[in-house]
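The following pair of complexes shares a single chain, chain A, combined with chain B in the former and chain C in the latter.
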Partner chain A sequence: MAKTYDYLFKLLLIGDSGVGKTCLLFRFSEDAFNTTFISTIGIDFKIRTIELDGKKIKLQIWDTAGQERFRTITTAYYRGAMGIMLVYDITNEKSFDNIKNWIRNIEEHASSDVERMILGNKCDMNEKRQVSKEKGEKLAIDYGIKFLETSAKSSINVEEAFFTLARDIMTKLNRKMNDNSSSGAGGPVKITENRSKKSSFFRCTLL
Partner chain B sequence: MERGKMAELESLETAAEHERILREIESTDTACIGPTLRSVYDGEEHGRFMEKLEARIRNHDREIEKMCNFHYQGFVDSITELLKVRGEAQKLKNQVTDTNRKLQNEGKELIIAMEELKQCRLQQRNISATVDKLTLCLPVLEMYSKLREQMKSKRHYPALKTLEHLEHTYLPQVSHYRFCKIMVDNIPKLREEIKEVSMSDLKDFLESIRKHSDKIGETAMKQAQQQRNLDSIVSQHPRISGGKKSKKEVCASSDLEVKNTSPMSEQDSGILDVEDEDEDEEVPGAQDLVDFSPVYRCLHIYSVLGARETFESYYRKQRRKQARLVLQPPSNMHETLDGYRKYFNQIVGFFVVEDHILHTTQGLVNRAYIDELWEMALSKTIAALRTHSSYCSDPSLVLDLKNLIVLFADTLQGYGFPVNQLFDMLLEIQDQYSETLLKKWSGVFRNILDSDNYSPIPVTNEEVYKKIVGQFPFQDAELEKQPFPKKFPFSEFVPKVYNQIKEFIYACLKFSEDLHLSSTEVDDMIRKSTNLLLTRTLSNCLQNVIKRKNVGLTELVQIIINTTHLEKSCKFLEEFITNITNVLPETVHTTKLYGTTTFKDARHAAEEEIYTNLNQKIDQFLQLADYDWMAMEPGSKASDYLVDLIGFLRSTFAVFTHLPGDVDVHSTMSGKVAQTACMSACKHLSTSLMQLLLEAEVRQLTLGALQQFNLDVEECEQFARSGPVPGFQGDTLQLAFIDLRQLLDLFIQWDWSTYLADYGQPTCKYLRVNPTTALILLEKMRDTSRKNNVFAQFRKNERDKQKLIDTVAKQLRSLINSHHS
Partner chain C sequence: MEPAAPPAAAPAPPAAAPGSAGLVCAQGRNLRAVLCQRCGSRVLLPGAATFARRELLLPAMRKKAAAAAAGGGGDVLREHWLVRDMFSFENVGFTRDVGNVKFLVCADCEAGPIGWHCLDDKDSFYVALERVAHE
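Entry: the complex of A and B
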């Protein structure tokens, strides 16, 4: 079986129902947009392969239902995630306020070194904006998280967002690998050295 | 002697002759003496005559002397008397002269008077002669001036009559005058002029009729429309035949108006007498707009001029040309209804005029001519309508067009033209209408399906609940009991689609109005169209949504639920149609609705798609599989990707068979679908794992790798055992992995003797292990064994193992061969 990638990054999209998580993912994976709102039931995922520094990276992006009733199912996916996108809707203040709760959820369920990013989606609908960009930015800074305003509809910053998160994960991995090789200890990241074709395959088996 | 005697005789004769002459001379007038003397000269004996004459004269003189002597006294007395008379005579003479002079003086005046009288008499005679001549000429001139007058006032027909009078009655009487000659010379010119003028009038008429036929047609159509409205008020089932009768009544009343409002016909009343005969048959109004007098005038003028046939053929030719122009539809006619309306107005206008002409003239046009024109019109109109209507994609326009055609047909039928072909063509357009409806509804359905959120409709209060139940036949005692807020099981698209099907049925029905169809025909038509809508349009739309790229399980599951409800609603649609058409579904000929099949098919497709969809997700996971086929030792647990995969399946089935935190009715898969989906997913997973294991690219694998693989399969089996969806009997689901299980067991336990010994027996522990599969895997294992030869300490062991493998391989091959033979 020929391996078609060098790394597998598992990302997770969380945020209130209707902020556009599925649409962001749809834009990123299919470069398409659908105006009708079909709320996600449970969990879904899409895979897209990107290239970073000459490495093929498979991004398995999990799309969670924002609705409260699916919370037990979706929180189960926090643990395996290496990067989490926190999405709010700039035209919906509530969804922004809830970002704090989502961050608390992450702290509770995800691994401690998970890469995070805050996305203020629907930035094409400026006339309905309720949350200023500055407010978003400030929140992100408060938590020490990167921030972007995006629009799945107008395809603004979607690629950038996912690439940024992927790159941050990659950087963290490389740093860890260096730490591991220098210390020589096993560490939490499994490196299968007997494979010649690929450099390494990382799993988020940190806990 | 003789001679003597003779001479003697002769002289005797001569003497007698002379005697006679002398007597003659004495007795006759002096004037007549000539011839007598002449005879003397002619005679020979002049001398003798002279002697005789002398003798005679002497005699007479003697006698005179005697006489005078005898009467002398008397003579003197007489003279004296005479002298006396002479004085008196002189007096008398003077008196006479005097009188004469006086008379002359008096007479002079008289002569002058006489002269004057004579002159007067002459004048009188001249005058009376002139008067006579003038009385002869004056009427001619009067006629001529009348003619001029008539020509001037464009009353050409009377002018023509006058001309005739002039020519035949008056002019011959006075033909010798020069002015008459001029008139006579002018007559043909005048005739020609009249002909030309009336022809130009006709041309003007033809031109104006061409301009007005639009208006005429419009009026006629309007009247037909009013008539129809009237009829439909009068009777519940408006029929053309019924409408016709009352049409005549209406026309009778407005005939009066026609007469009153046409001063031209009064003028030429003599000509228009013909009109009255058939007028009762006329439908009123439309021709009010046109002054037909130029035609009549021209016709009569030409008839009088003996050129009626020329006129007829000219008129017909021109009208035929106009007909062709009228029947030429504008190229952009199909764009608007107005385009069609204008076209029809023109045609109706044309035929109303021709019909009027047919009835008001004798033979200017005849039935055959009109029939021929009508036939041409029909075929051209129908052809044009066919072409143009085919461009039309807007059903409301097609419907309007149909109404227009019906009105067009009714109007012309009212004028007695056969229009069956138009109604036949309407049936063709009906098909087209259905097509456009289908096309339109295809868009409608697409929109509904595209904009649906594929979530159960939430209801917060009674009002909304009632509203939805009113839109869609749905009854559920349990749902009714539940408190608000609650949810219908189906999403918005169910009531929307249901209503649109009804709308479609109404739209279909609209076309059948006024087509004079039986209710069975209408019913049949509606059912056929609705079936097309269901089996083709809606079915396609549903299939498109189902087959759409990136369709989610949510949509698919909701589609299954929705179609189930729509399927149940089919019988209400049947009722709906029955209510509309009053044709009971039990009637032999009625077509059943095929809605059930459509929704069943859609549901099956959605179910299929769910299976495919899940399989694709499984494939995506499998692409993440990353087995180290050369691992010496297995890991401590199942592979990461597989754990994720099983987790995904687990949560998916959990969500779709029983949504957490939601006790209402919700969009969950029916038990059977969930079971089938779960089974299909497990089977697909099992087959894919088997493929992964047997993949040619994996040249060799170790026992350690196989053990890791076994851990993964165990994870799958664990999933199957855990009952991810309810309703499976025992280990049914687990059986999906039985092939893998037996194969792995065989290799991990290295239980070749059992396998080979029990092979083919129904009780065999490895019944599902195919020798070919076993051989492939064995070959991969053998390769690893060979490679490991480098480890010397295992050499002997390895050799035995190799031998065993060779033997097993040989056995397997012979099993494979025996199978083949």
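Entry: the complex of A and C
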């Protein structure tokens, strides 16, 4: 059967445990079904289909599934990733401070041209806030990364976040394709991931 | 919109059983979109899968308390939508590995398992007719 989509993007969710990465993958968090069986095994990844500018985009979104606890997020996990959501919890300062470490981890292990975005999650819990929105914005500006405050629980900015990241990846791909337009013009859209990785013998230790 | 009438005179693919009656087109594909029974999330578009028979054991779909009361367990299901390319799904979740199997769940509310995928066969994804709704 012919392909029924225009783009396929692999996205990762990165951040400390407990910041609500998994909840960002729900559409109806309050309403999660949560059978014994499924909550015990855990979800590996989800496929979601979105439409942007008339293009059908398949997102394959990976959750670290607790690996971050063991600080074992390495090259294998990042392989092929085109976009990364860096998630912290606005009620947990430590998780915000660690964003810098996660960025370093990405720089060491992921493709150098991966699109990134910072999300300050749980913004519905303003009364417990430890990290101001300005602080989040400042960090994002320092790294030249986009930023949104989200609430998976109240469905604030979650879809916007995924659409924004997908759009940035698409823009980058199109720009690359135009740059390379001399070779093989007019053919079917082929998505080749940039495999260039920084080779490093150092394993990043976090925290 | 009214669903299209099933092709009554079509050469029925392997004997359309009660569960699949009216859901399979003449080419053996799903006539209707496949949705989550619980939240209506769109799992497959019409025509994205073919009807297939195979005995597969899927763990029970009950919620925690109910499952405990019933002692867990599962169901052997025989009628499935067979999908050949993972990215033919509109929205779906994959569990982590259980042996060499991954189970499929609703991407939006995580109701499931609604389907089954064996890592030994990279091009086969089964969605049980009994565990989904049809538009």
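As a convention for this text, the second predicted complex is superposed on the first by the 156 of 207 C-alpha atoms of A that agree within 3 Å, B and C clash if a C-alpha of one lies under 4 Å from a C-alpha of the other, contacts with A are read in each partner's own complex, and residues count from 1 in each chain.
Here is the rule we go by: a residue touches a chain if its C-beta (ideal position, glycine included) is under 8 Å from a C-beta of that chain, and two chains touch if they have at least 3 such contacts.
Remember, predicted model here, so these are calculated numbers, not experimental data.
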item: Partner chain in contact with A:Ile47 - chain B first, chain C second, else both or neither; value: both
item: Partner chain(s) touched by A:Ala76 [first = chain B, second = chain C, both, neither]; value: first
item: Touching partner for A:Phe37 - first (chain B), second (chain C), both, neither; value: both
item: Common interface positions of chain A, toward chain B and toward chain C; value: 1, 3-4, 8, 26, 32, 36-39, 41-45, 47, 58, 60
item: Touch list for chain C against partner chain A, complex; value: 38-39, 41, 45, 48, 59-64, 67-68, 72, 84-98, 102-103, 105-113
item: Chain C contact footprint on chain A (complex, rising order); value: 1, 3-5, 8, 25-28, 31-39, 41-49, 58, 60, 65
item: Touch list for chain B against partner chain A, complex; value: 450-455, 549-550, 552-555, 617, 620, 623-628, 630, 640, 644, 647-648, 651-652, 654-656, 659-662, 667, 692, 695, 697-698
item: Residues of chain A defined as touching chain B within the complex; value: 1-4, 8, 26, 30, 32, 36-45, 47, 58, 60, 68-70, 72-73, 76-77, 80, 192, 194-195, 201, 203, 205
